[in-house]
Structure formats: structure tokens, C-alpha cells
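Here the chain labels run A, B, C and D in written order, and each chain numbers its own residues starting at 1.
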Amino acid sequence: MGIEGSGSIATLLVTCPDRKGLVAALAQLLYGHGANIVDSDQHTDADVGQFFQRIRFDLSEIHTDRVAVEHGVAEVAQRFGMTVRLRYPEVPTNVAIFVSRYSHCLDDLLWRYRSGELRCVVRLIISNHPDCAEIARHASVPFHVIPVNSEAKGEAEAKALELLTANDIDLLVFARYMQVVSRDFIERYPSRIINIHHSFLPAFVGQKPYHQAFERGVKLIGATAHYATADLDEGPIIEQGVVRISHRDTVDDLIRKGRDLERVVLANAVRMHVEDRVLVVGKRTVVFD
Amino acid sequence: MGIEGSGSIATLLVTCPDRKGLVAALAQLLYGHGANIVDSDQHTDADVGQFFQRIRFDLSEIHTDRVAVEHGVAEVAQRFGMTVRLRYPEVPTNVAIFVSRYSHCLDDLLWRYRSGELRCVVRLIISNHPDCAEIARHASVPFHVIPVNSEAKGEAEAKALELLTANDIDLLVFARYMQVVSRDFIERYPSRIINIHHSFLPAFVGQKPYHQAFERGVKLIGATAHYATADLDEGPIIEQGVVRISHRDTVDDLIRKGRDLERVVLANAVRMHVEDRVLVVGKRTVVFD
Amino acid sequence: MGIEGSGSIATLLVTCPDRKGLVAALAQLLYGHGANIVDSDQHTDADVGQFFQRIRFDLSEIHTDRVAVEHGVAEVAQRFGMTVRLRYPEVPTNVAIFVSRYSHCLDDLLWRYRSGELRCVVRLIISNHPDCAEIARHASVPFHVIPVNSEAKGEAEAKALELLTANDIDLLVFARYMQVVSRDFIERYPSRIINIHHSFLPAFVGQKPYHQAFERGVKLIGATAHYATADLDEGPIIEQGVVRISHRDTVDDLIRKGRDLERVVLANAVRMHVEDRVLVVGKRTVVFD
Amino acid sequence: MGIEGSGSIATLLVTCPDRKGLVAALAQLLYGHGANIVDSDQHTDADVGQFFQRIRFDLSEIHTDRVAVEHGVAEVAQRFGMTVRLRYPEVPTNVAIFVSRYSHCLDDLLWRYRSGELRCVVRLIISNHPDCAEIARHASVPFHVIPVNSEAKGEAEAKALELLTANDIDLLVFARYMQVVSRDFIERYPSRIINIHHSFLPAFVGQKPYHQAFERGVKLIGATAHYATADLDEGPIIEQGVVRISHRDTVDDLIRKGRDLERVVLANAVRMHVEDRVLVVGKRTVVFD
């Protein structure tokens, strides 16, 4: 459930210093093994001299085997100083969703998950409140309440980490999880925690962004999905969206309109990540959409 | 040229503390004079307890005269503590455009002006550079170069003020005018200077917002038209727009895409202002569009 | 549940031939009863010479009573040939949702309903398939399966009508209900059936609009919420939305992207209707948003 | 003037039946000549089994010469049944703009051209009216009036063709050119005539689309840039845009709002074409943006 059938297509993500011959080397390698490239996207960031590529190739007609392909990729990677990530179709991303009381993002993610939109397995939901238990049950996903209080924050995080490890979690999604998480926790999952912030970053960082937006009198409000980093609201942005507002809209209207935005923006970011479409370069992201 | 013919329609803009009977009083008054209300828009800001209204009414069948209508409006205004602005159709807004070297906003405003989109008269263009002289000439609008250097800023502003006064200017449009103007200058034209800032305020205030946006890795860039106040980039926002960008876009692409945005956002703000659709309430605006 | 508390605010919707004194008459009337107008929106359609107004007024301080207000409204209505609709805050719209197999619009409407976004009561859900029973149960809304087959269509409609009458239904929402309904059925609920069509009408009427859109190679796809009329896909449009697509998108991608659009567009249309913001003028609508 | 300096970058556009080894063959070839691939985009249309690629490569360090590269490309092309188009940086597209009386699209294209946004040379402007002569003069582009009347249509087209041939024109842009052109004329420039239609195709084909849109009561209006084909308004779509409208907008407002859309949509389509980003596949386009 929740995983699109693209049975024989593997995905290769590559990052390395830019130089001649990169494209040829990988294409030649895959061709040599009989793998057909069905999709390829590349980008060169001239600013930092880095090369990025996402290749999807068909394994169904290779005349060697996976081990041989992996060997070949590793050799090319070493030659060019590449960081590579190779994902086989039957190995989906294991996801844990963190939520507090607001349920709209969770609800939306689970609906998409059940309808097969997200190529992942939602292994568990963690919350500091019991409120969303019924939603989790409705989607047949295990739900764990880990209360958080300021004195025993470390204890709560330790419990969460235990669950994450036990479930072999690859990606954490903070779906309006209203707790500040420690630097240590975040650094265990570099570029693997997606947070939704309910403003158009870098505008309105911090608390109550809709109230801030109302005070400032902006004519559009936004939402931002980004990788969590130790510096709050400073992580690499994956996706953003905006919606028009007017003087007729109260703070409550902003919150209502924002909800629609948050769930779409977060869902898009999660989809991009689990389809291996996102690469991080400093504070920016390359999103092969 | 540049003024739509809506020959007999007057516009009344009203601001006052909210209370019962406001709508009835004005409607009754206009009806009493035989004026048909062709359009009416109102808003109550519950936060500050203020009432705002824009009424357009037809003068062609009044059975008194303009003086009598004005008298009546003044009386109602006094009774309810209203600030009112009454504009007759034959009295358009006199506009001065300030520009530096970038011509896209000026070019666009003049094109709209000549095609009759903007209900105003562009009386003159002031620039600290001679670059846009030909564009002004093409549109048959007087062009004045007033060089600005940091030592003699006051002198330059004095010259500009003289021109503005001599031409009876109601509205100043800073169409990418790259000079900081003194507090004194700005306060002479409260809510009557429209500036375009090339970012989605309050994100990326100050210099080189497209470079800032690129550095931060945002996925949308914006433009903001606002009334200039003494606090830079803090004035009440009239209009904002955004456009999607991706990792493929360089700073130059941002600048190019942003240009399209800037000119549309600025033109919309100017159009709203000259059609008497904008009211200011603190740092926010009511825009009856 | 599902109804915003705006305890003492009544809503008056007015349509009539345009003439002088309309605004004054209603404003004066309400003022006379001590009702404060908190919001008013009006529109004159010059093409057809019709006047439209939506007035929200506060009943909490009237010094007469509701009967007297109603009397007064009726008198003014007769004098000016007005069609009026007066709604008190405690009388919400009773809604029936019709659905087939696709659950996304139903799911979304119910989520908004439970979170208090929609000022209505969803009294029942009718479907020609049992698939969505669990979703209905999760939201505690009665779910009725009425199978439809071409021979006994009349019978199925009769059953549905019985349920609608028994539940005093004001508004029918066709949330991707894949059955053609008889002219007779539709004409019982004029401007009271909202349908979502998964294209940007009038483009791609009829079956499989996403397939049609793919074939035609459009760069944007759309969704349209409209009142159902006897002429399929020809009813007055309440709301439309679009989303960008590219050559990379397959028909399946169009369906996925379209789902997000459909649910937002339908929800907006329903919200507008149940807040008495929509008036129909021929094939067009006035939406006071 | 009007051409971005990307001095040593050549662009290769490829279309062919999909099969293994395509990517490798081209990458290997270019690497063999010492050309660095700076950008590459590809697409496989599963429906028709076609492969499309756009490769930009740097010629500055090749250790053979252009003739050798061309030779190599031709060989690979023959082996795989490729249709290829190779453009060197110093050979820009020669453009002719056709216009009638409405000047907004012409004005906008010329402004972009002069500011260096469009990698082309606008060699001439042809019109059936003298109205836009001054705009052409302002941009220093030759302006030719060729009156068209229904009896002598062939004659007018013959004159136009003569000018196009004499000026070695690659691309014709119909910037609101209000004349129906013969099938014969159109077929001389397959996928090389870009037309702007002022609706969201396939909605509102034919005459007066804004009037049609108003009548139908849509909530968004659109504009479509497409290649002209013998079947009116049926050509492959390159770019589309929409803008929101409401019941307040008259037909004149639609025309005004539409103008802003038309010029942006047309300019984007022209930019995509002159940067060799567009490939046609039946009635659809692949746009590598």
C-alpha cells in the first residue's frame, strides 16, 4: 500500500565537483550493462562548481546483475569523487510523521499515502498529544504518544529515537509538530527531517506567523517546507506556496487559507523527497521535478 | 489622454470610527439629491474599530447641484467624525514618476498611461540620470534630470519639490528610483508616494533583494508596491505578487523574472490609487478592488 | 459541529431591477430597527440592469423584533420588486453529499466540515457504491447506498428524493458523483446543486477531461464548480482553479494534480454558497467573496 | 543588440525513436571531442515511443574542430534515426513580427528585445495597418505596411513571403495579427509561426474570446501561445497563462487584464523557441524550461 508500481526502475542520485566526461561516464556504464536510461535530469551550479544528476534506469533487461551494476557505479563514483545514492524500486522510504494537535497536515498526508500518491511506507506517527489517535487508527498506522515537558525533553527525544531506530526510519516529517527539537536530534538526520513552516520564509520566522502577517498587512501569505537544521527556520527550502489575501481577511481567515497551503506544500516536499528528487547544496536545494 | 471616460461618476472615500447608521446616512443623503449609487464597497476593521467606504455615484440626474451635495456630505461627515475625499470625474490625479537607470517600470507605466488604463495625468518624470530621456520623449512627457550626490542631497530634493509644486502633483511613483529620500521629503506626501520594492516584503528588505533571495534558496520571488514612509520598506503594502523560480535560475534569471513582476505589481498599485480604491489604516491598507 | 459561531448576525441577499434609492431604502430600514450593518457588498450588472446586494447586520441591539424586521424587509422588497433571502445565524444550510467511488472530494469536505470551516450541517451522504461507507462513518454522517442502473434510474432518484425531503435538504453537493441525473430531478433544486467538473470549463466538457487535456497538450489543467442545470456542464460557474503541467506529466499525473485542485475548488464553492455569497444571473454568478 | 552573450555554448536538439544507448552515444561523442556538457534535458514520450533531448555544450576547449563535431553528430544521428538541430551561439534566430492595430504585444516584445532578454534578431515588422510605425521606429526595426483585402489576399502574402525570404527569417511571431493566413503560407513555416490567442485554448476558439468568456461567466481568463497550423487554434501549445476575474469585471476589464497575460505568455513562448527549448510531438510540445 502506498507504493506506486514502477517495478524495475532504479534511481541514481549523484553529486560531485563539475568536470568534463561525467555524463558520458555514467551513461556509458549503464549502457554497458544493458540498462536503459528512462529519465535523466542534471544541473550544474556554477556558483559552487558542483554537478548534480538524477538518473532513472530500467533494470529489467540488464545482461549482468545488480551486484555488477553497483560495482560499476562505485568505480565511476570513485574516479570522479561522486557522492551517489542508488535506490531499487522495492525499497521504499520508511517515514515517521510527527504531529501535535493540528491535524490537517497529518490528515492530508495519510489520505495521499492511502491513495498511493506517496512512494513510501508510513511506519509510525509520534505525537506529544493523544488528539490525533483516531486519525492514525483510521489509516491503520501505529500511533505513539510521547509527552514533552521542558524538564525532561531529553528523555522524550530518547524515546522517539528508539522508535525511529527500531522502525528503520529514513525520513521524519514534522507535520505541524509544535516542539523545538534539540540540535543533537536534528543532526542525526541531516537533510532527512522535513518541516512545514506556516509562512513564506524568510518572512515571519518564529512564532505565530499568521498573526505577524496580519499585523504587517501583507497581501499574500505563504507556507514553506524545508529540511530542519539546528538554526530554526534556516534550513534548505524544498517547496513554497502562497495564496492571496485581502483586508477582508481576519487572522482566522489567514489560518484557514494557510491550512490549505500548508498541506499542499508539505505533501509536495515529501513526495519530492521520497522520489529521490531533492539534493542539498549549502542552504539551497536542487529539486528535479 | 490616459483618462477613461466615466463622465458623470463621482467617487467618495470615507473613513471614520464605526457606529450604527453610517451607511444609511450617506445613502439617504445621496438619494435625497437624486444621485444614483452605482457602486459601493465598505469594510469594518474590527481590530481598530474603523469603518471604510468607497461610494461611486452618478451626478447626471441630481436635482440640486454639486455645491449642495458637497454641503450635505460635509454635514454628515461632521456628524459622524468622518474623513472624506470627494473626487469629480474631470479632476484626475496628477502624477510624477521618479526613475533612475532601470527603465522597465517606467516604460510599462507609460505604455499603460498612453493606452488609457490609468485614470491620471503623468505631468513629469524626474530622474537622477539622463538614460530614460528618450522613453519620456516617446511618450511626450516632460523629463527632468536632477543629479543627486550625497553632499548636496537637500538641494536636489528642493529642486524636485519645486517641480512637484509647480505641477500640482498629487501622487509620486518611485519606479525603481534608486535614491534614499529624506524623511522630510516623504512626510510632505503621506500615503502619496508609491514605491516598488523588488522582493516579497518583509522578506529581503534593503539592498540587492534578488541576490539575497538567490542566497537563501527560496522557491518563489516577489515584488511589493507600498506607500513610502520614513522607515524604509516598512510602509503600508498596496499590492504584492510572486513568481516561481527553481534551482536552474541564476541571479540574472531572478532579475529578469522579477522585472515582469515589478511592473505588473507597480502598475496595479498605481491604478488602485488613482481610482481612489486605497485607504490606509496604520501599517495596513484597505484596497477596494 | 461544523457551524461557526457568529451568533447574532443575519444575512440578507437581494436581487432586483436597478433603480435609485435601493441602497438608501434598505440601510434606512435596518437603521430604523436598530440593526448595525456589519458588512455590505453590492453589484450592478449593467448588461441586464439588475442590482445585487448582500447585507450582514447585527440583530443583538435591535429595538423592535425579528417579526418587525421581516415585515419591514418584505415591504421594501415589494416596493422595489426585490427577490430577498433572509437567513438567521442559527439556521444553517442542510447539505447532502452525493459521491461515487472517488473519495478525495468527500474526504476533503468532511474534514473541513468537522474542523468548522463550513457553515452547514452535512445531514447525509448518498452513493451508488458502498466504497465510501467507512469515510462517512469516521465523520459520523449517515451513509445511504442507492445503486443506480440504467433501467431503474427513476426508482433510484425517487429514493434519493425521499431522503432529501425527509432530511430537509437545502443544498446538494455532487462530489465526483458519476451519474447523470434527470432533468426533472435537477429542476427541483434550481441553483441548489453544486457539481465539480474536472476541467476548466468550457474546455473539455463531458467524459474523461484529463485524457482530453493530455491529448490536446495544454499547459494548465483546471477544475470548475458550478450549479447543475439540465444542460450538462453548462450551469453557472461559481469557482475555477488551474494548475500548471508540463510534458513530463502523464495522464496519471494530471489526475493526481487535478485531485488537489478539485477538492479546493469544490470546497470554496460550497463555502461561498452556505455563507449566502452567491447569486445567479442567467449563466453567470455574482460571488461576494 | 538583443543577444545574450553565451559565447562558446552550442545547443543540440534531438528527436528520435526511443531505444537503449542514445544518451551514452551522444555523451561519449561530445566527450571524445573535448566538449563539456553544461546542460542536458531529456524526455521520453511513452505514448509515442519518442525520445527528445536538448544538450548545451561548451565548444571552447574542443581538441578537434566544429566540422569534426558536426560530422560526429551526423554519424550518430544516422545510426539512431535522429532528427537533429545544432545551433552555434553566434547564429541567432531571425524574427519577423506580424501585427495589426493592437500594439501591446509588439511593444512588449520590442522592449524585451532591446533589453537583451530575447536571443534573436528582430529583422522586420509587417503590419496590415500603419498604426504601429512609430513603435517600430522607436526600436529601430524596419516596418512594412502590407494592406490586406479579401480579394487580393494572395498578393499580400506573396509580398510578405518576399520580405521573409530576403531577410532570411526563421521565426514568425503573430503578435495579435488579426488576419487569417492561407494554409499554403502556414505550411511553409512548420512549427516556426508562433501565434497568441487571447483565450485559454481549447476554450473560446475563434472570434472575440473575451466576449465569449464574459457571456459564459468564467472565473478565470487565459491566453495561449501556440504554433500556427492550417487548422485554426488547433496548433501545438507552447505556453498558457490565466488570471482571475470576478463578476465586477466588464468585457473591457477582461480585455485590459487579458493584455497583461497575452504579452507575458507570448514573450515566454518566443523566448523558449529562440533558445531552442521547444520540440513538437503531434499536437503536443516538449518545452525544456
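As a working rule, contacts are C-beta pairs under 8 Å (C-beta built on N, C-alpha and C of every residue); 3 or more make two chains touch, one makes a residue touch a chain.
None of these values were measured; they are calculated from a predicted model.
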Between A-C and A-D, the pair joined by more C-beta contacts: A-D
Centroid-based (C-alpha) most distant chain relative to chain B: A
Chain C and chain D, separation of their C-alpha mean positions in angstrom: 42
Separation of chain A from chain C, taking each centre as the mean of its C-alpha atoms, in whole Å: 37
Sites on chain A touched by chain C in the complex: 104, 107, 111, 115, 117, 134, 138, 256, 260, 264
Chain D-facing residues of chain C, complex: 43, 45-46, 200-204, 215-220, 222, 236-242, 246-248, 250, 282-287, 289
Residues of chain A touching chain D in the complex: 19-24, 27-28, 30-31, 34-42, 44, 61
